[in-house]
Amino acid sequence: MTPHAILLLSCPDQPGIVAEVSNFIHRNRGNIVDLDEHVDKAENVFFMRLEWETNGFLIPREALAGAVQDLTRPYGPMECALHFTDVRPRVALFVSRDSHCLYDLLARHEGGELEMEIPLIVSNHEDLRRVADRFEIPFHVFPVNGKNKAKQEAAELALLRANEVDTVVLARYMQILSDEFVAALPNRVINIHHSFLPAFIGARPYHQAYDRGVKIVGATSHYVTADLDEGPIIAQDVMAVSHQDTVADLVRKGKDLEKIVLARAVWAHVRRRVLTCRNKTVVFQ
Amino acid sequence: MTPHAILLLSCPDQPGIVAEVSNFIHRNRGNIVDLDEHVDKAENVFFMRLEWETNGFLIPREALAGAVQDLTRPYGPMECALHFTDVRPRVALFVSRDSHCLYDLLARHEGGELEMEIPLIVSNHEDLRRVADRFEIPFHVFPVNGKNKAKQEAAELALLRANEVDTVVLARYMQILSDEFVAALPNRVINIHHSFLPAFIGARPYHQAYDRGVKIVGATSHYVTADLDEGPIIAQDVMAVSHQDTVADLVRKGKDLEKIVLARAVWAHVRRRVLTCRNKTVVFQ
Amino acid sequence: MTPHAILLLSCPDQPGIVAEVSNFIHRNRGNIVDLDEHVDKAENVFFMRLEWETNGFLIPREALAGAVQDLTRPYGPMECALHFTDVRPRVALFVSRDSHCLYDLLARHEGGELEMEIPLIVSNHEDLRRVADRFEIPFHVFPVNGKNKAKQEAAELALLRANEVDTVVLARYMQILSDEFVAALPNRVINIHHSFLPAFIGARPYHQAYDRGVKIVGATSHYVTADLDEGPIIAQDVMAVSHQDTVADLVRKGKDLEKIVLARAVWAHVRRRVLTCRNKTVVFQ
Amino acid sequence: MTPHAILLLSCPDQPGIVAEVSNFIHRNRGNIVDLDEHVDKAENVFFMRLEWETNGFLIPREALAGAVQDLTRPYGPMECALHFTDVRPRVALFVSRDSHCLYDLLARHEGGELEMEIPLIVSNHEDLRRVADRFEIPFHVFPVNGKNKAKQEAAELALLRANEVDTVVLARYMQILSDEFVAALPNRVINIHHSFLPAFIGARPYHQAYDRGVKIVGATSHYVTADLDEGPIIAQDVMAVSHQDTVADLVRKGKDLEKIVLARAVWAHVRRRVLTCRNKTVVFQ
């Protein structure tokens, strides 16, 4: 398959942008295979995702970013990102003791569903080393306590940089990251929270759900920001429960939600289908 | 159809209750058509719902409550309720300006799905009188403002008593009831809240959901208690939304959730399928 | 609100169509408020829906169809439809004895959710005349038996024509329409089938579902074609059931699915969001 | 934890069974931790599942089956099964080339969710040997072609017997088992079919779903019987799709359904929560 280019852009909404951009691709002999656009009328923001075949495209890859900038400059302040499908995102997985999300992501990756590299796995515990070993992925343990957190995070960031990691997936990593860590990877740290946010923010959401007596539980995958559990939501799903379900049942059933919802979010992210605007996402399916 | 008796009971869990109660029905020649039981192990509470045919039952109806008390006394403090299917609950509907829940309940009632009487409709506005008129149900307007609330609620309660109303359904009634009103009808006021509680408590939940950028919205039907939106949840449901949905879309789509979820809760309540324990429900399907 | 124009088109896929059409709207000073496009790569068919404000648009309404034809002629055989939001579709409801879909559509219509006219209701029974009367909509009864079907359908078609009806909604109309009737209204007769098609085609789907022991039941809204239950599907939804559900329970619970799914299909149709291609639909949300 | 006994029984419905059986457990000092019963009124069949603590139970384990028989003999022909939670079911997994269900089951098993042994994995291809190796489970390949099927199945059955396997899980095993094989393991072969049965029976259900243009796809787990895809359904689930989804999308998304639905069925089976009656199941949650 010839590599595709993917252009994500957002800017203040105004007439003619779709025509301008699609014309640009067209007259440079790009064959558009996917065009998605969205206008947030409340915020007056325009979002677009364009995917086209680069085979025969008149503008060379290294000049494309500049050409897009020239094209869109008249439309004012624009957020723009350009990707190529033959440059796979490098994703680090962060885990603690629960294996279900880790196994799920690794199995999907091995099956070809997630087009990304997994150069390494980070944990604050030794427990899941056996899983990493089975899939032959380097496993790095950084135990975190009240005192060493800043130092350990600095070491983690250095490791991520050394491995050219661009995205971190918290696959049930039971540590809160510092604002500094998060700031180093804006909208590139994906978390799975085991509740239907904004319900049951914080610790032990299944216990909270049980105590409240809800009839449905959920899971939420979101980009991590400085505000705990408040980052832009990428994916959510739910399942029915009843008075028959104990906390242990919620935990067991919830694992299915967690792994499915996290995998959907990671898939959308690595397929470059997610744009953000303040604390919200546009996810082009 | 011969009338059925329905017994709801809850008490501290202990061995032998199921055998004791089902034996009692059996040796008095009651044919059990439904037996549901549940043990809340965290609270150590036993819940049971028994429905049996009264035709040929050896204990006359007027003596049954006493016989059940004698039977269950050894099991300690017990909450017990006895109903007969030929005594239909009398339900008052409270509405404001939105008609969708009202129409839905009236259409279900006319179609025979809800085995209850609707002696009257109460509103704080005139708007929906035409709907009540179409179904030939008395419509009473009690405008509420900052000053007259206590007086109006007293008048409403008097009206409910005069009509022997035992349950109030808030079918999008946009007024907060006073603690006194709620206390007069414990676990007998059913509300529909247009969010997936406990997310988005309070006013304008669709706006809150839009601002938070959730990917799923919900509705919750619950018994009203003194704590706003904190009462025992009877039913919940959700639907997927996306960045494409405006607040107006959420409001439109949410109406379907509201009417379905409220109707499910009312159905379970009038079929005597709901037991409560603190702020939670047991709903036997 | 100024009227919007809505253009639906489909044609063999080829480069540049999006740019061409959106340019056309743009240079004639139309403000695009919605643009949806889809390429069916398996069939190589391009689908597009454009909605724009007509206020200040340079091409007068009566010349627009011709201008669009001129524009799209180079792209080969194209299916094209042009609508204006101030010309509301005229929809006839066909019913038999079950009232839930009828009430639901009438309540939505009265509440402003369905932007259409309902000039008349047709039935093969008298039963639901009271409902029509309550909403002050003319109610026409055409009893159908083995002998008079062709004659009655001819009379119905004449009535539809006299009322300038362009869409028929079968809101639980329990008669199979002849091929001739259906051919007179291609992709303009919407049915609700009370199963998850293609499971349980034909009569008594809830009985079939019960006998098969499925754990989920559904409802399907589709355009009616000459092949029974085989027309293009517009909307589907499902709900969980269990061994506890009798056929009567399935019928009761299924009514909620039927009315919700039918309403979604009608909403999408009258908002001009449905395009068809062979036996499939493209539904732009 | 002290071992529990689990009694499953079904017989013609008649008064007094619940009382009789629960009395029996009670007077022998069994502490009932779960009691579920169901009456299929259409078939007049009574189903019951009882789980109690064996600690201090007056009847020794080896005498219990006889005692239950004596107890239930007066109630006529009864199907009865007795299990103890410290005797874990021995389950063989059958696979072909797709790894998602296999990985999912193995990860759940390792995580303690599925209380069973997995003594071996069988396949008709070598492909997934690496997965078995990673989890250190013996992997046996039996290539099947038109000629050797009977011989290979005989060898498989011998292997299952030698390993005291009582349940076979077809985790995307792409071979149809002969009637003889199925007859050797009645209601003990669990399959996952990648459609919402009875829609899309047979081969390539996602292609069928795509061609039909459905808006929802599903997966079904069922006991295998001599009639292909007609066995008793244990679990089903579905997800929404749209015109945007290609066959490849359906395949990708469907994998999540397949693994979740299969795991739910296996969980219910090994927890002894499934009873069958003709081609239907009773699944006590």
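Order of writing sets the labels: A, B, C and D. Residues in every chain begin at 1.
Just so it is clear, a residue touches a chain if its C-beta (ideal position, glycine included) is under 8 Å from a C-beta of that chain, and two chains touch if they have at least 3 such contacts.
Predicted model, so just to flag it, every value in this text is computed and none were measured.
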item	value
Most distant chain from chain A by Cα centroid	B
Computed distance of Cα centres, chain D from chain A, in Å	36
Averaged-CA centre spacing for the pair chain B and chain A, given as whole angstrom	41
Touching two or more other chains - residues of chain A	242, 244, 285
Pairwise touch network: line, ring, star, complete, or other	complete
Complex interface listing, chain B residues touching chain D	15-16, 18-19, 22-23, 26, 31-33, 35, 37, 39, 240
Residues of chain B that touch chain A when the two form their complex	38, 40-42, 47, 196-200, 210, 212-216, 218, 232-238, 242-244, 246-247, 279-283, 285
Contact footprint of chain B on chain C as seen in their complex	98-100, 103-104, 107-108, 110-111, 113, 134-135, 242, 244, 252, 255-256, 260, 263, 285
